[in-house]
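Next, two complexes with subunit A in common: one pairs it with subunit B, the other with subunit C.
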Partner chain A sequence: MTATQNAATLTDTTLEVDNLVVDVLTESGWATVVDGVSFSVRRGETLGIVGESGSGKSVTCLSIAGLMPPKQTRVRADTLRLLDHDLTRLSPKEMSDVRGPTISMIFQEPMSSLNPAFTVGDQIAEVLRRHEGASRRESKRRAVELLDRVGVPSPARRATQYPFEFSGGMRQRVMIAIALACNPDVIVADEPTTALDVTVQAQILELLREIQREHGMSVIFITHDLGVVADICDRVLVMYAGQIVESAGLDELFEDPRHPYMEGLLAAMPRMDNPSEALASIPGHPPRVGAMPEGCRFHPRCRYAAEACTGGPTPPLELVAAHHTTRCLRHAELTLKGNP
Partner chain B sequence: MTAQSLPGRADPLLTVRDLEVTFAPRKRLFRERIELKAVDGVSFDLTEGETLGLVGESGCGKSTTARGLMRLVEPTGGSVRLEGRELLGLPAKELRSARRDIQMVFQDPYSSLDPSMLVRDSIGEPLDVHVKLGRTERVERVAELLRRVGLPPEYMTRYPHEFSGGQRQRLTIARAIAADPKILVLDEAVSALDVSTQNQVIGLLEELSAEIGLTYLFIAHDLSVVRHISHRVAVMYLGQIVEHGDAARVFDAPAHPYTEALLSAVPVPSPRTQRSRERIVLSGDPPDPSRVPPGCRFHTRCTYAMDVCRTEVPPLTPAQGSGEVACHLHTAGPRLAGASVRTLARVSA
Partner chain C sequence: MLKFFLTRVATTVPVLLLVTFVVFGLVLLIPGDPAVTIAGPEATVEQVAAVRERLGLDRPMVVQYWDWITSALSGDLGTSLFTSRPVATSIGDGLPVTLALAGSALVISLLIAVPTAIVSALRRGTWLDRISSIGSSLGIALPSFWLGLMFVLLFSLTLGWLPATGYVPIEKDPAAWASHILLPALTLGIAGAAESARQLRGSIIGVLQQDYVRTARAKGLRGRVVIGKHVMKNASVPLVTVLGLQITALLGGAVLVEQIFGVPGLGQVALNAVTTRDIPVIQGIVLVAVLVAMLSNLLVDLTYGYLNPKVRPR
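This part shows the complex of A and B:
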């Protein structure tokens, strides 16, 4: 996919990625785990990235943010632009300066992302001191403000407490406060609600929506839960075996999926509002890193696979409608079932 | 709430009455000893061949209920009867033989298989304890079990690390059914799996229940999965069952405000439906189980809370259609008399 095919031509783009390739060092040598990923994110937009575990969705975002371990990772891209910064040219030190004010991450497990030995207030204040040179006093005051902003009750008292004194939902609010501290242009949320109860998940999603309305930042939301995607995303990338296999606006993707993998994912979601339908599943497993099938990477699990799908190079991402691409050779012949 | 009962149809296989599990920290000088009642008077029946779903937020006591009835934690009160035989207070030796009939599958298939044991020995272990077979018979039985869970028998000479998450969960299921139990307690057994793998494992569980008449206590936080697999559902909040009934009734016409809120929080994988749904966002986290609110335990987060809810414990009353509900909306104030709380929401909105 070239940048022009994407919706990237719009002026208000905060992040632009073209042909991102990430190799990681495994026991059996270098293996490509992200293979030619291109996309862009607009200001104020929530872009969802979905796929099964191991599809490369997290590695894509960690690589963009420069958070993959450098010795075991090789990151290449034709374009990796975050606002005015060309990320391909930044040293790790420069990247670390850029990160706070422009891009920040929220991870799945807030307990392991927070330092158990420091108070929550200190950890938020540290970000402000590091990136904005705020004074000790000023940063403490703003940490309390941020806790208040993300809905932590009695923020002044809570700022002096340690992570273990917080519930899972409250810890995730603290992580959001840290991510918000420098008012970044892009927030990457990597399965931020997966470890939470549905009731708390609903609170956190609401909070993210509110913050985005106020600050207008771009959000990249990584998840495997299509229900969460339907709730919060504007546009979605579907990843499989290190590649984007489909991308479209939210409604179009769910109503009119054009890749058999997306159709399979939709059919596999158990629906509370329609329990009688048998649960479909996609047979087999995603391919292992370093053992990618010839032709379409999904063909061994695809019920529509034809002779042409089983060999040759990986099919290209093709534009099938405005802002809707799919990596399927048979997309024109197939009528796939969506979830309106 | 003392007597909560889920009346089953025929003679129940398992009868749990007023189960209580209390965790008490060790006595320390000058420190208040706070007891935590993780399970506080839970009662239900399991009838042969049925699946009972147990749902609720983390910390509500659903896993502790399961561990309590297996006596993996020692209950502090109540009764657990398996085909009429009381399990609580049974001496260790007799308990071991009773456990043959009731087996458990846990969430994390990575930590529930011994990494240094061959699959053959992991699956064969319950056979050694309960059945005692000769060497060739044992191998045959393990091969049959592997086939039954959809894995080739050759896998018996491999180690757990050679398997994917879904395959490992199949292995733990094979081990759980090795000694022909009557009941499987599944504690978040499919929660760690990708949706596609999860469905394969659910398919396997449904097959097993149809083929060998297994009965399940299915504990999960994913309500869509619970709805799919369960015949009946019980909803727990802070150590107690607040509502139970046939799955279709509980999901389509929830009678307890907590059930209603829980259901409304599950995002539906359809953008259009999701936008048009009414959502009830519960404020705050569940209260600390060592400081249970007086009256109805849910009143601190309930949108319908009335004065009576802050002081009086609501009794269990019949819900329309099936099951029971413990909520003052059905006995006082705007009376629902067992109808869905959703009817109330529409009137007041």
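This part shows the complex of A and C:
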């Protein structure tokens, strides 16, 4: 790749999502769990999606990849574009051609995300056989190479072993090798380090960073850990109750949050420089699916909530600076505390 | 895998020894004196004693056991008290027929159970699923003798497609063998099919919710690979357990089905032996049945080792 091409592709949008709405079937009928989410990811960029459990961050990404159970899910979007694929128009079969070579995923639970009944090498090799038509021998050889690439020691021997013979961190490396196998344009990492020890967590983050530098793919990093976000992301979406409530570049978001929810998350983050300071927590719980509050969805938990916040339609996402949006009605009046 | 195989085989030896004690002892516990039965109701005490001496029934138990077990090991299971045929010959004639019947029944039951289970697990809650679950309940509930008679009525007497009774050895005429074995095997296999289908449906539904199935989909694997490879290998473990239990049940069920369809298998021999208290024959048949059961258990364990790598010793 030449330097000019490189510069051009760096600004390329790999994934574009506009007004994504996802309904899931619950015991009391259809409920909207992702409500009008729009964003785009550029080549080489790491986009963080942050939020509490149930905020819709995983559902957003699983829906884009067509991995939600079809009978219990309705996915609509004005635009769902992955490179030149219009994902809203692809059949399930065409979608399976896209998963692997164009978009791939790393999941949270390395313990249960690998099939216990097949060797690790086979689970990597089958991706290559499926998408690149590699022969059994060729795919096996490349599986060993991939294991080597993700830092699994003695890869040739390890390839013949089963997942239960691997530690959590090593399994997550295997998952990364699987995701990396067909050199995808977008990798979605859904809380890939949450289940790991802190030291292992740091190693896995470093590996992801390295791989991204090498291959220049887009990474969507889903997490509830702001420390991890600060470590790896270029730009961040903050989700609350199925909606994006704030989005900004990493530094701007941390220094100058414009939504009270983000301020609360930052205040709840442990700080290395002042460990004696008591950790603040956001009072209350996120609303239940199907029982969304009127007005701003965060208002029952917001210490800045005013009369206007408690009724009417959900406030729109407003642009407050270049590449910085917030869904707070009072963003102009409030001065929120960051965590630079 | 070889080490696993050898250790597993070695552990069957003490079990087998124990079984021979039980088989030998069991017959002694059965009420009724074979010497009295053979000598007839009119026999005098002296005549009964003579018969007992001729048969060696008056010797100490340990000696009788030793005699029995050493000749059994050399393939001599004694002679029938009534037909005077060697027991090994009677079993040798009947066993292949019964094994063919039980084996065909197993194959037929899997041919029914596996597709049914996959379809109803994937189409859970639809009318297809409901029909197959009603079918399974019926298959388990309906007695095989009734089913067998219905099959004969329908396929033999009304439609005339298949013979109602009899048996042709496979080496003589494979086509005739197949047409003769089909109805009895179906009759014998249908209860097992229903049970397996129900078990497999449940475990497929469980496995479908596993994270690794989502991973398989996330890799872009085709639906049939996700189901046929990633789901089935894991979902088969409980099925294999059920099959292991079914193999022994099939041997028992074969006795009845052989009667209905006039198949000259081990069941016929067993039934005659039990009604006449033909002890050597009973012992021989029980021993063979236990051997078959143990072999099938061995097979089940080896299959576990294949399906679940954690079971294999390292």
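The rule is simple: the second predicted complex is superposed on the first by the 328 of 340 C-alpha atoms of A that agree within 3 Å, B and C clash if a C-alpha of one lies under 4 Å from a C-alpha of the other, contacts with A are read in each partner's own complex, and residues count from 1 in each chain.
We take it that a residue touches a chain if its C-beta (ideal position, glycine included) is under 8 Å from a C-beta of that chain, and two chains touch if they have at least 3 such contacts.
What you are looking at is a predicted structure, and each value in this text was computed from that prediction instead of being measured.
**Q** Looking at the overlay on subunit A, is there a clash between subunit B and subunit C, or do the two fit?
**A** fit
**Q** Applying the document's definition of touch, where does A:E318 land relative to subunit B and subunit C: first, second, both, or neither?
**A** neither
**Q** Which partner does A:F254 reach: the first (subunit B), the second (subunit C), both, or neither?
**A** first
**Q** Who does A:D148 touch here: subunit B (first), subunit C (second), both, or neither?
**A** In the superposition, A:D148 contacts neither subunit B nor subunit C.
**Q** Which partner chains sit in contact with A:E138 here, subunit B, subunit C, both or neither? Use first/second/both/neither.
**A** Touch partners of A:E138: none, neither subunit B nor subunit C.
**Q** Return the chain, subunit B or subunit C, that is in touch with more residues of subunit A.
**A** Greater contact footprint in residues on subunit A: B.
**Q** A:I178 in the overlay: touching subunit B, subunit C, both, or neither? Say first, second, both or neither.
**A** Only subunit C is touched by A:I178; subunit B is not.
**Q** Tell me the contact category for A:D78 with respect to subunit B and subunit C: first, second, both or neither.
**A** Neither partner.
**Q** Rounded to a whole Å, what is the shortest Cα gap between subunit B and subunit C in the overlaid structures?
**A** Closest C-alpha pair between subunit B and subunit C: 10 Å.
**Q** So which bits of subunit A does subunit B touch that subunit C touches too?
**A** Looking at subunit A, the two contact sets are disjoint.
**Q** Show me the residue ranges of subunit C that touch subunit A in the complex, using the header's touch definition.
**A** Where subunit C meets subunit A, its residues are 210-212, 214-223, 225, 229-230, 233-234, 307-310.
**Q** Can you name the residues of subunit B that touch subunit A in the complex?
**A** Residues 57-58, 164, 166, 194-197, 199-200, 202-203, 221-225, 227-228, 247-248, 251, 261-274, 279, 281-285 of subunit B touch subunit A in their complex.
**Q** Which of the residues in subunit A end up touching subunit C in this complex?
**A** Its residues touching subunit C are 65, 67, 92-93, 96-101, 104-105, 107, 109, 112-118, 126-127, 130-131, 162, 164, 175, 178.
**Q** Across the complex, what residues on subunit A touch subunit B?
**A** 52-53, 153, 167-170, 197-203, 205-206, 224-231, 250-251, 254-255, 264-266, 268-273, 275, 279-282, 285, 339-340
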